[in-house]
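Some structures are shown below for you to check.
Same chain, two partners: subunit A is paired with subunit B first, then with subunit C.
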Partner chain A sequence: MSDQPAANLLTVKDLKVRFPLKSSSIFAPKRYLYAVDGVSFSVTQGQALAIVGESGSGKTTTALAIARLIKAYAGQVQLQELDLLDLAGDDLRQARRRFQFIFQDPYSSLNPRLRAADIVAEPLAAMAADAKQAIVDELFQAVGLRPEQQRLFPHQFSGGQRQRLGIARAMAPKPQLIICDEPVSALDVAVQAQVLNLLRELQRQRGLTYLFISHDLGVVQHMCDQIAVMYLGQIVEFADRISLFKNPLHPYTRALLSAVPRVDPAMRGKSQRILLQGDPPDPANPPSGCRFVARCPVAEARCHSQPPALRRLASGQQVACHLVSDDAVSPLG
Partner chain B sequence: MATQTILEVRDLTVELATRDGISPVIDGLSFEVGAGETLALVGESGCGKSMTALAVMGLVPHPIGRIAGGEIRFGSEDLVAVGEDRLRDIRGNDISMIFQEPMTSLNPVYSVGEQIAEVLRRHQGLNHKQARQHAVELLHAVGIPDAAARVSTYPHQMSGGQRQRVMIAMALACKPKILIADEPTTALDVTVQAQIFDLLRVLQRETGTAIVLITHDMGAVCELAERMMVMYAGRKVEEGTVDDVIANPRHPYTQGLISCVPHVTDDPSAERAPLVEISGIVPALRDFGADQCLFAARCRQVVARCAAERPVSNDFGSGHRVACWQAEVAS
Partner chain C sequence: MEKVVIDEKPVEAARGPIAEVAGMFVKSHAAVVALVVLLLIVLAAIFGPAMYQIDPFEMVWAPFSPPGEEGFLLGTDYLGRDIMAGLLYGARVSLAIGLAAALMSVCIGITIGALAGYYRGWVEEVLMRFTEFFQVLPTLLFSMVIVALFGASLEVVTIAIGVVSWTAVARITRAEFLRIRELEYVMASRASGAGNFKLMVAVILPNAFPPIIVQAALMVGSAILFEAGLSFLGLSDPNVVSWGQIIGSNRPYILDASYTVTIPGVAIFVTVLAISLVGDGLNDALNPKLRQR
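Moving on to the complex of A and B:
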């Protein structure tokens, strides 16, 4: 691993994923839903980048496309020197060691017929048995499971322990990048803290890079260094964690942050909530201008016609909104 | 609380028959709900929050569960003692409930308008036409756009937030005295959650309904509730006004629940300390009911007495009650 902290481990350029829509007749032109529509970002080695957004914003689809678990329609995904979207067959299988996935649901993402030790050892199929066992022992200890639990089946573990097992499996091939898709949202509150602390500790010890998918802004604020906010398949704001929470620029980011209930008795009833009306528009028929225009409290005429591009401000924040000034002042003040 | 009490639960015990024998999933629970107030029930899953709600609704799963003792006083009646017919009159009329999963709690083969109208016909004796008309008004009141047309849509044609609005319309159709909301927003996005919270607040102001909010999210508690009750393993461990309990939690479990979740702040610091963990998990059902503090195995402040005696609830002023042997020492 490189010593330069600024090196990008993962670079995503103009990623697009589309799904065919049912057409009314076989002669009608094919229509597509662009679940991810031109997403670009990069993740610095050893850091954690979060993609946040509401359900249907395309954050999980982005993660799946990067991990080559669904097909991307266009774009580029670069993991150091590797172009992930170009790989196929054995090359792809070899490359998969370098990026691993932790899934949301610890109940359905583990094979119920395998013992815990075999689940963790599965990515290591080509190794000698005793080398494999040594790694399994080490990982069980690292994620806080007891050695005697290696013989158990997934149903004999609690939800939190299963997620630990999922983490151990992801760590097994010594990956550089781990994609965590809502890793704690299926867990009980008290167990969430245990798993989040474990993920941070493992990141520190092993110099891991995380791509973190979450809708829980509290978790994101705690876990991640950089944050990309997605809305309807596009990134509307990209910033480091301190800027994003201190000075959110895009009206959608503002609304999202203002909707999170605060645990502070002094703040009760004083929150300046920006209430969004209605639901997000149908992704199959996105608005022609800015995608947020119908729910935006400050939309102007040009927002209806010109889609805003993601631009970098002097402050380093990136935002896709016509109304954000160049010196990083949000239209909402 | 100056307001009058409308629901009073006294020494409620609910037993569940499991493979390991009979366990008290609710163990000597007492609490009150005042008219028009919002009380939050807080705790991890498996602490008895939902079972408490089911007991109040007379919906304890039969035959594996039964109310083994105590009373639930609603007005002049004891809901534990009244018959099923009377309960059916009360449910949906005087006390109603909204559930966590708005998809599975609506009937997929009836239009949403029909499902709301059914409540009105059953409890208010309206005829078909009146009930449908009133259903449109209710859908409008919960903020469904174009209610007159949406009244004949089916649940699958609506988004999660809209379905939850329909559930709320149905639950509030008869202007109940108590609305039990069991994790009403956990399945929803934060922006939709904020809409639902605002809706509940407005409707509560208009109808004077008391809300019992079941949740594990301290943010939701702070947002909606005036009083809160923390439950652990079927028992009440702490109770008080939200301001008191959040600012000065005295039970180690409450302290853990508040500090184990990373809360959003507007001004994050560069340093991030590890989250405070509550180690371990909720005890198994067979350990419920033991004559000791059931949180002792996970508690950082445990002393010998915790494993030997069941803690009694002490009042620390203005209704802030805590069941912990160490509460006085800690404060």
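Moving on to the complex of A and C:
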């Protein structure tokens, strides 16, 4: 990395997203489900931050709220000097060039009625036709598609090619931040590697910053500098890649990591599998103490009553667990 | 650094969606035959009156002369008017009213359905209750009231038919908008900076078109029937001939000279059948599940 102190490109403070629940009667007070309940983190310019977690942990909702594709209920999202949650109307549309989104499903994220070139040029609406064409030509080459494929329609592409189109579209307005929502989880493994390498290559060439949503720790290890682990709408652990994989602190992170299948037979014996019991609790009705308490193998009495705050340890790791000691020793040893 | 992989799959011909639909459409023989019949009817309506120069209102011969006699191909009616001339002039009126009324109800239906399906919430509640109000009205009665109030001219009849038959389009459009607005490419367009209007008109609507087109085609047929019904009841412009009007005016003589009623009846039947076969063909051609990947 460069010598000068790296600045934060994106800062998220206490982000909350809620959805109204169907109430039993119109007189009952309105109830809400907090899909994202007070998430804070920041992403350094030029780095990749991953948000990992199981289905329903709120990681995609967080990404959509940051990209202003769904409504955030509270909090602050700062992209350099811009306060994204305060923007509206034309200001928001102008600002969108600076943060782009890569979607999960390459089959539903491309408009079936547009030709490939028009899909890639979509974020360039206000530009002159020949300037647009030059950018489209350049991007097709950058993502490894051939110029004559510009005239094709989405259904004439394979899954991996479609995701390349999605990537080219996100790159088109020269954004600073790209939010990738599980960009490879719909692809098969061989194609996954190609697409991930493409994303890394583009990041290196263009100095991009990624916010990377994934449930696949192997992918995250390959792609990201920092990792935030989400559970039930909150961040339970935040660390750089090396410390998180070497010394995972939160019992939930431990369980996630132990679920990654190992190819190396020498590694297999070492890590014992931590099996979590049951499903995550109902997010409409979260437990009063630590949200992980019902599935935690080492929960104590205080875990049931006091919610642990995310605290920064001397090692630089951040963790939300009462039982992690200040010198970064996990309760699971 | 890894080299970017370019895969070498040959590029297939870039067939547009329209070429693809046309390819599917011609696979259905019934639809192609129906389209040819429909085109012949349209040509007859456009050029027929110029080539067959007999005034449909003029008494040209003795009343009730059966088809084929005295040079009048389809015979004469109870006032001695030429039925062939009536059929050709009537085709213009029937088709024009059918098309205009269908167009009008498609416009109303798309507007209401798109707003309801896109904005959801109270907009949807209000617009769909409004739609249901029109759905439960007895359509024939309501259009009769409109014609009775505003006079029996072609414009009023067209509007009366359009105003009572848009509800199906509104419901289909709303359903399609509800489905499509949740797809990721709509979100992608929003992320690319598209506003609400652009999302509705340029992104969602083109993708919602297939079932709307089918419904519109079928509606031309039902609008022709509707007009025939109104003019049978004497509630259409008395200064123009239409198929329904020929049937209506010859109704008392149905037992003595059944051909006076049968011939325009067959014309209506063939036209509406052709239109709905074309509509069915379009439905199959536009249904993506039947299209090969």
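Here is the rule we go by: the second predicted complex is superposed on the first by the 322 of 333 C-alpha atoms of A that agree within 3 Å, B and C clash if a C-alpha of one lies under 4 Å from a C-alpha of the other, contacts with A are read in each partner's own complex, and residues count from 1 in each chain.
Going forward, a residue touches a chain if its C-beta (ideal position, glycine included) is under 8 Å from a C-beta of that chain, and two chains touch if they have at least 3 such contacts.
Everything numeric in this text was worked out from a predicted model, so none of it was measured.
Once the complexes are laid over each other on subunit A, subunit B and subunit C both fit without any clash.
When the two structures are aligned on the shared chain, A:P123 is found in touch with subunit C, with no touch to subunit B.
In the superposition on chain A, A:V189 contacts subunit B only, with no contact to subunit C.
Once the two complexes are overlaid on the shared chain, A:R146 sits against subunit C while remaining clear of subunit B. Looking at the shared chain after the overlay, A:R115 reaches subunit C, while subunit B stays out of its contact range.
In the superposed model, A:L276 makes contact with subunit B only, not with subunit C.
Judged by the touch definition given at the top, the superposed model places A:N197 against both subunit B and subunit C. After the superposition on chain A, the angle subunit B-subunit A-subunit C between C-alpha centres rounds to 80°, nearest 10.
Once the two complexes are laid over each other on the shared chain, residue contacts for A:Q234 go to neither subunit B nor subunit C.
This overlay, made by fitting chain A, leaves subunit B and subunit C with a least C-alpha separation of 5 Å.
Subunit A uses residues 158, 194, 197, 201 to touch subunit B in one structure and subunit C in the other. Contacts from subunit B toward subunit A in the complex involve residues 44-45, 145, 159-162, 189-195, 197-198, 216-220, 222-223, 242-243, 246-247, 256-258, 260-268, 270, 272, 274-279, 281-282. Here subunit A touches subunit C in the complex through residues 64, 67, 69, 93-94, 96-97, 100-101, 103-105, 108-113, 115, 122-123, 125, 142-146, 148-149, 151-153, 155-156, 158, 161, 166, 169, 173, 194, 197-198, 201, 204, going by the rule given at the top. Interface residues of subunit C facing subunit A in the complex, by the touch rule stated above, are 1-2, 4-7, 9, 11-12, 14-17, 183-185, 187-195, 203, 206-207, 293.
Per the touch definition, subunit A reaches subunit B in the complex via residues 54-55, 158, 160, 188-194, 196-197, 200-201, 215, 217-219, 221-223, 241-242, 245-246, 255-265, 267-268, 273, 275-276, 278-279.
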